[in-house]
Amino acid sequence: MGKTYTYDEVSQHRSADSCWVILYGNVYDVTKFVPEHPGGAKIILQLAGQDATEEYDPIHPPGILEESLAPECKLGPLDASTLPAVEKPKGEEKKEDEDAIMPLDHCLNMDDIEAVATKKMSKKAWAYYFSAADDLRSKALNNTVYSDILLRPRVFVDITKCDTSSTILGNKVNIPLFVSPAAMARLGHPDGEHGIARACSTFGACQIISNNASQTPEQILEGSPPDQVFGWQLYVQRDRKKSEEMLVRINRLTKIKFIVLTLDAPVPGKREHDEREGKNVGSNLPIRSSHQEGSSSTTSPDPKAASGSVASAMFAGTAGDLTWKTTLPWLAKHTKLPIVLKGLQTHEDAYLASLYAPQVQGIILSNHGGRAADTAPPAIHTLIEIRKYCPEVLDKIEVWVDGGIKRGTDVVKALCLGAKAVGMGRNALYGLGAGGIAGVERVYEILKAEIETTMRLLAVEKIEDLGPQHINARAVERDIYDGPAGLEKLSMWIKAKL
Amino acid sequence: MGKTYTYDEVSQHRSADSCWVILYGNVYDVTKFVPEHPGGAKIILQLAGQDATEEYDPIHPPGILEESLAPECKLGPLDASTLPAVEKPKGEEKKEDEDAIMPLDHCLNMDDIEAVATKKMSKKAWAYYFSAADDLRSKALNNTVYSDILLRPRVFVDITKCDTSSTILGNKVNIPLFVSPAAMARLGHPDGEHGIARACSTFGACQIISNNASQTPEQILEGSPPDQVFGWQLYVQRDRKKSEEMLVRINRLTKIKFIVLTLDAPVPGKREHDEREGKNVGSNLPIRSSHQEGSSSTTSPDPKAASGSVASAMFAGTAGDLTWKTTLPWLAKHTKLPIVLKGLQTHEDAYLASLYAPQVQGIILSNHGGRAADTAPPAIHTLIEIRKYCPEVLDKIEVWVDGGIKRGTDVVKALCLGAKAVGMGRNALYGLGAGGIAGVERVYEILKAEIETTMRLLAVEKIEDLGPQHINARAVERDIYDGPAGLEKLSMWIKAKL
Amino acid sequence: MGKTYTYDEVSQHRSADSCWVILYGNVYDVTKFVPEHPGGAKIILQLAGQDATEEYDPIHPPGILEESLAPECKLGPLDASTLPAVEKPKGEEKKEDEDAIMPLDHCLNMDDIEAVATKKMSKKAWAYYFSAADDLRSKALNNTVYSDILLRPRVFVDITKCDTSSTILGNKVNIPLFVSPAAMARLGHPDGEHGIARACSTFGACQIISNNASQTPEQILEGSPPDQVFGWQLYVQRDRKKSEEMLVRINRLTKIKFIVLTLDAPVPGKREHDEREGKNVGSNLPIRSSHQEGSSSTTSPDPKAASGSVASAMFAGTAGDLTWKTTLPWLAKHTKLPIVLKGLQTHEDAYLASLYAPQVQGIILSNHGGRAADTAPPAIHTLIEIRKYCPEVLDKIEVWVDGGIKRGTDVVKALCLGAKAVGMGRNALYGLGAGGIAGVERVYEILKAEIETTMRLLAVEKIEDLGPQHINARAVERDIYDGPAGLEKLSMWIKAKL
Amino acid sequence: MGKTYTYDEVSQHRSADSCWVILYGNVYDVTKFVPEHPGGAKIILQLAGQDATEEYDPIHPPGILEESLAPECKLGPLDASTLPAVEKPKGEEKKEDEDAIMPLDHCLNMDDIEAVATKKMSKKAWAYYFSAADDLRSKALNNTVYSDILLRPRVFVDITKCDTSSTILGNKVNIPLFVSPAAMARLGHPDGEHGIARACSTFGACQIISNNASQTPEQILEGSPPDQVFGWQLYVQRDRKKSEEMLVRINRLTKIKFIVLTLDAPVPGKREHDEREGKNVGSNLPIRSSHQEGSSSTTSPDPKAASGSVASAMFAGTAGDLTWKTTLPWLAKHTKLPIVLKGLQTHEDAYLASLYAPQVQGIILSNHGGRAADTAPPAIHTLIEIRKYCPEVLDKIEVWVDGGIKRGTDVVKALCLGAKAVGMGRNALYGLGAGGIAGVERVYEILKAEIETTMRLLAVEKIEDLGPQHINARAVERDIYDGPAGLEKLSMWIKAKL
């Protein structure tokens, strides 16, 4: 440990046989770890023999280095004077003069916030946040579906009072908004997920912590008031042990009130902006020839093998064999927290979920921000589908939505249709990218004001008084699935197949 | 009073503790007035210690200065020679050579008029007139809804005669058009509301005077012929006394035939063009942190606190606690004039209004020019909704519409669907901006000719003969609200809640 | 007559009191004629004292000068040497090098033809042909309605034979196309209407001669084969005598098989492209203040007063008092030719027309090329409306359509829906503008080939076998008028009002 | 034969009377062949007296020269030194630096592939592949119809296994994709149809060999594994003998499992991009005056006469007199292979086809890539139409679709609606143009990965489990033909007319 390493020494070790990297000024031998890296071997080998701190830092929670590596892997400090002078690669530079960027208080809406964040963030972060599947059709639909719904303002009612408070699984929130589990917040700003938590605290909103957060749950929760409401997202790992260990840790954190089991991305969608950025940054290694596997891929999908996109790194290790019958009982053994299932996109699955109450207490209608299957329906479609085929679901469990929220009117429309809470992922991340904690606070400030204005113009004082009579969703209703309900078949399916 | 002040002296007094301003060459100590300024303290403090005439003049009726300030506040004349040489701020300059602007008689339609006005007016005036809520969706819908309705021209009928005359609440008009209550006309042109009145007189149209006119009602009516038809818009003030005093004044003016009680903007919508202009012109004072209020804003909404937009200044003082049960009886005590309710956007509210006849004799279906709730329905939606759910309303009270009128065909389509009169706000203001009285006259000249051509091509001689058989509104009808009528519930609601 | 005039002499006479003009090298005193000029006084006065040949020639049939003026008005020849050197005004110059223009045989479709014509014609001619009412919505709809109809090609049928011949009112045509009565062909090319006739002869198509043709009927028919089919359009003149004299002349021309009574433009629509061109070329005379007439214009509409557009000149003198009850009997007295009513836009009027068979033998569903009422329905709408409400009309009289034809598929779709013939105005005029006779022939060559290809791909050999089973018009059907049929009311209306 | 010819000698023979061309360094006297050239005389005469190798080679299968010409036509070798120095015509040059073109592994989707191919191919090849009929409406619809269908992803199902294998007429394929019979592959890349076959082999896909392939069937099949599945497309020739000879040859090739009888282009559609390219390259010969034929073209359509487009050359010789009654029995005499009918676009024809089972074992719903009748319905329309009117067809015969496939989601949607296999023409050709065999492989690699991701996100393991419950096609269903089914009439029609 007493030895100090030079950059030249490190740079000899750049293969799978002997792979060293520099992190935070120390030299590590990660040769043994390379094959089991959740993000795939390739991404490490690209950085072998070099200082990997800049790439490593924003996407790994502090402390995970020590957790993952045996002590002997830490070889010792680097002699910093031996580092070559570096030029920042172009994609990582700030793209514009800070001066030319709109100040936060001049940002009037989510588009302004996104524009500022796009200017301030690295291209890699932008590509990861912005990207969605294929041709971005679901991403686009997520927002336009709200525009297609008209409001029905009422008049001549006293609107001096307006109260946006509500509850989420019985926990009081000042505004029925939650941050969808969005990964890698430190990619956008060093304040990271903890910064989002701070802003949520200011506005009394709920935050769902991503399984792939760039900070640990403990770090994110640090300093939050006792009544702040958090959920924790679980991506079940192929190696169930890892998930079980995480659950033990989560069960200890009393501010975490529920587990969100994400189901809508058992494999990642094809996010081309993210992939292109990965290709640009990545090396010229040949990509996998997937066709050599023949027609039937009987092994689990292996996103590790895809090119160096953020998403592909993140999905490595995620289990694809979750089922109603096996996963919920397993989960019951490892946590008493209520379960919220995320990513339901049909009335059939919503109905199934409602049969699993009370273990399951909520569902999030979500197409994963348009990032999973392109042309998957927006959450509002699924919500109207539920109203049409099995409205009783809305009584049995809480139904939340996310995706495409740009305006307070969007939030209010979702609530009118029966959503108990409304989630946003990109808005929070863009807010963070635009100005750290203050940026996320600006996001909430704008949306809260817009929600209040909308409620007042609908002549509604309390969230619970919003209802379908306040909107005209006819232009959307005519596009909703119109096939057989299939609910009887579902019971049979449950018995037969699960 | 004998004393003459220098600019340097005045410029010492630029705080809430001692606030002087120069207006029309005189120096005023407005310290005591600052906290009670209807437009908010901030907007005055921004101009403290300076010559505020240019900002003050176009948005305040002459005489209101004397009404509002105690005599001792007028300190005395300014020594004009001490004024610093000023450069006109860029936003206030005329943006183009007058020569390059299309002459009025070459303007063939409302878009031409708007284009000319946009070039001639200050950016502040343009931003105030042009702006609408959020993403301008309702503003856009207001017009496109007319394009989606097809005409059904009839042929082989004698069309040598064509008569556009009609009545508005029993008062004869030569054309069934009214100027919607549009504030701050002098922002666009010194002819102001009085200029609009002059043009209305030429064409026999009706004018509704804004509560926030930049001239007094008496000034606006001056010189108008005895049979010219006016209405007066009431924004009920939180301080009811102020409204009652205004009503006393209005009751005296016999040309004012009705009171328009505006209900569609109890809080202003979010008009970003206007807000951005306010931010550009305004100072760098930090904006309000509204979130410090917590989730429930139990006090009346306080638009004063918003940044220096025209709208925010204007809405200060407006009451948010109007109700069917309390406001109409109060109003009955203070005026015998018939009441027209403005801003109804649902068949439910139209139905309710019809129950209040004969005190209420008319309603204006309006989404406030798209300036209140974005994605609120265009007036034509509400009109078709009334035809569908409670057509008897059209027999009991007059139903007027406004918003989005660009063509004579638009006017005729609204009349075919049962509107008794059709209002325009921006057209009049843009006409004024494009050429004062002559500009507004050009607006009417164009529209009257278009209305006559349309009537002739429909083979209809008189306004009252226009009917739904003359149009095909099917493309719009399929988007109309299709939920439960809720009219029975309404009676209960009236008993229970009001 | 012996005297020769100098330009200086002529230029002294430029007022209504003494108005001389030079035409074709001769000097005329038109003082007495000015007030009775069908195109209005203004347009002559603008050219008073000058050589008006260039403006006069392309819009007046040869010979009409002698017809209209007393012999003494012709003062004598001009001394050509006294003419000032003239620079061609910019709008009248050819806009591009002839070399850069696509040759006719490279033009593959109507858009190519229009593009070439636009480059070759004067701006005035382009503006007159191109223009349509208001915002060009009906003009645009005229074409897009065809795109929205899908074909239903059939296969495995012998398609070696394909026969486009048909009949029009019993007269054989080689292709069921007619040239809609389009005015002022010589504006676009000196070949004029006679050139169109020549091209129609080559392809066996029908031509309807415009009442406002720039050549006389006799000139147009000259040299045409005995079996060529012509119709003649009648715009009934306020001065009925003039129309009666024309009918006497027409009755003598045996190739003219029917009279088309145009009903869809009793007043001209507002054609802004044409009007703008008129304003640019016209003088700075103040335009009419129409509002001085008050609300009721009880006199006939006076388009003469409008600015110097081609349309306004052309509509002067047209009667607005035509009716089912009075005009058809009058017409019966003056011609035995079958009558075709042009410009029907509702099933009601189509139904009424069918009651007037056998005097009325056909109707042309037309919105006047989108030039009359903007947002009037495309002919295809009216055709489907007839199929829905009163399909018997299709058995009693021939139903033709025009407007928006761009492709052979458009023609075939109209025929499938029951149209007996399909008309085109602009295509013929653009063809003429693009290359005189050869240009119009190219138009027919392209369309005939497209029609044949479409018929073959539908597996249909003969025009009469085309039917609704060959198309899918569902996307259009859902926009068709859906109100009460009103056919019973029509009988009453006929009795009561006519 | 011993004689060597000079370029000057050859260039004397450039007329129909004596026509020599140089091909692959030899001089041929093709005078006798000119009138019977399937692609028309004109196209040869344009190259008479010159070296035609560059034009000839990519569109003729090797060996066909010897097949078509008598031995004495081959005059002898050219003295290469006498050839003039040539400059490559501009349209034929590679249009961009190869360096600036995206490498294949960076191509993420079909649009990338098309963009690369567009840069690499000759303009002539691009124009031929890219072009579609008229205004490209059917071509555009072919793709957008897929976007309008939403997916219905299911969750909480084990998706570790995913099997894309299926069968085509009982033959196993690893992926239910086929290459539509696309002509002239060597225009795009020298690897030609054989290259496509190689890529199909890698991925276990099916290939339908075009009747107009630029390589012989034997060449294309060379080296393919015994279980690779091929079909062969038959364009029946007017000279039936030629087709019969081809069938003899095809019957011998055991890897060819079925005959695809193409019915959707008995005449070619009007492909303007292709035609324009033909006009640019072609000479200035006057085009045919088709109107001289009169209204009835009782002879077979003669596409030979059209300008020098690739399509026009290719369609020469194709029979237009195929019928259900005569062609299928004739075919039965010449092959025992199952027949697949290509180009059905109505439920009526699909129903008819099903009556001809078991000779007919499949149909391909196709509008010929939008290249035949513009505004013909996309295959998905016809598929839904079949589901609506005669779903039993799907049980009796296999129904395949092609046209507009851009994404794996498109493929999956077609399968969900009941398609047994999905074809692509342009994708394969663009892949070839982008990189030969490797380019086509990249096309399959991308689509296979997308299909697997989509299946996993729908929670479907096997192709046969995909069904209508996995999609929401409501937005498309409302546009489907809604007229009378006409199936009873069809039986009558069969009896009466066939």
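Should a chain be cited, it is by its letter among A, B, C and D, assigned in written order, with residues numbered from 1 in that chain.
Operating definition for what follows: a contact is a pair of C-beta atoms (placed from the backbone, for glycine too) under 8 Å apart; a residue touches a chain by one contact, two chains touch by 3 or more.
Chains and their UniProt names: A, B, C, D = L-lactate dehydrogenase (cytochrome).
Here the structure is a predicted model, which is why all the values come from computation and not from measurement.
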Turning angle required so that chain B lies on chain C, C-alpha fit (0 to 180°, nearest 5): 90
Shared interface numbering between chain D and chain A [over half = same, under half = different]: different
Distance from chain D to chain C - Cα centre to Cα centre, in angstrom: 45
Whole-Å gap separating chain A and chain C, where each centre is the average of the chain's CA atoms: 63
Two or more partner chains touched - positions in chain C: 478
Chain D - residues contacting chain C, complex: 134-135, 137, 263-264, 266-267, 269-270, 272, 275-276, 279, 286-287, 289-291, 294-301, 320-324, 327, 341, 343-346, 348-349, 352, 367, 372-377, 381, 478-484, 486
Chain D-facing residues of chain C, complex: 105-106, 108-109, 147, 149-165, 173-175, 202-204, 407, 409, 441, 444-445, 448-450, 452-454, 456-458, 468-469, 472, 474-475, 477-478
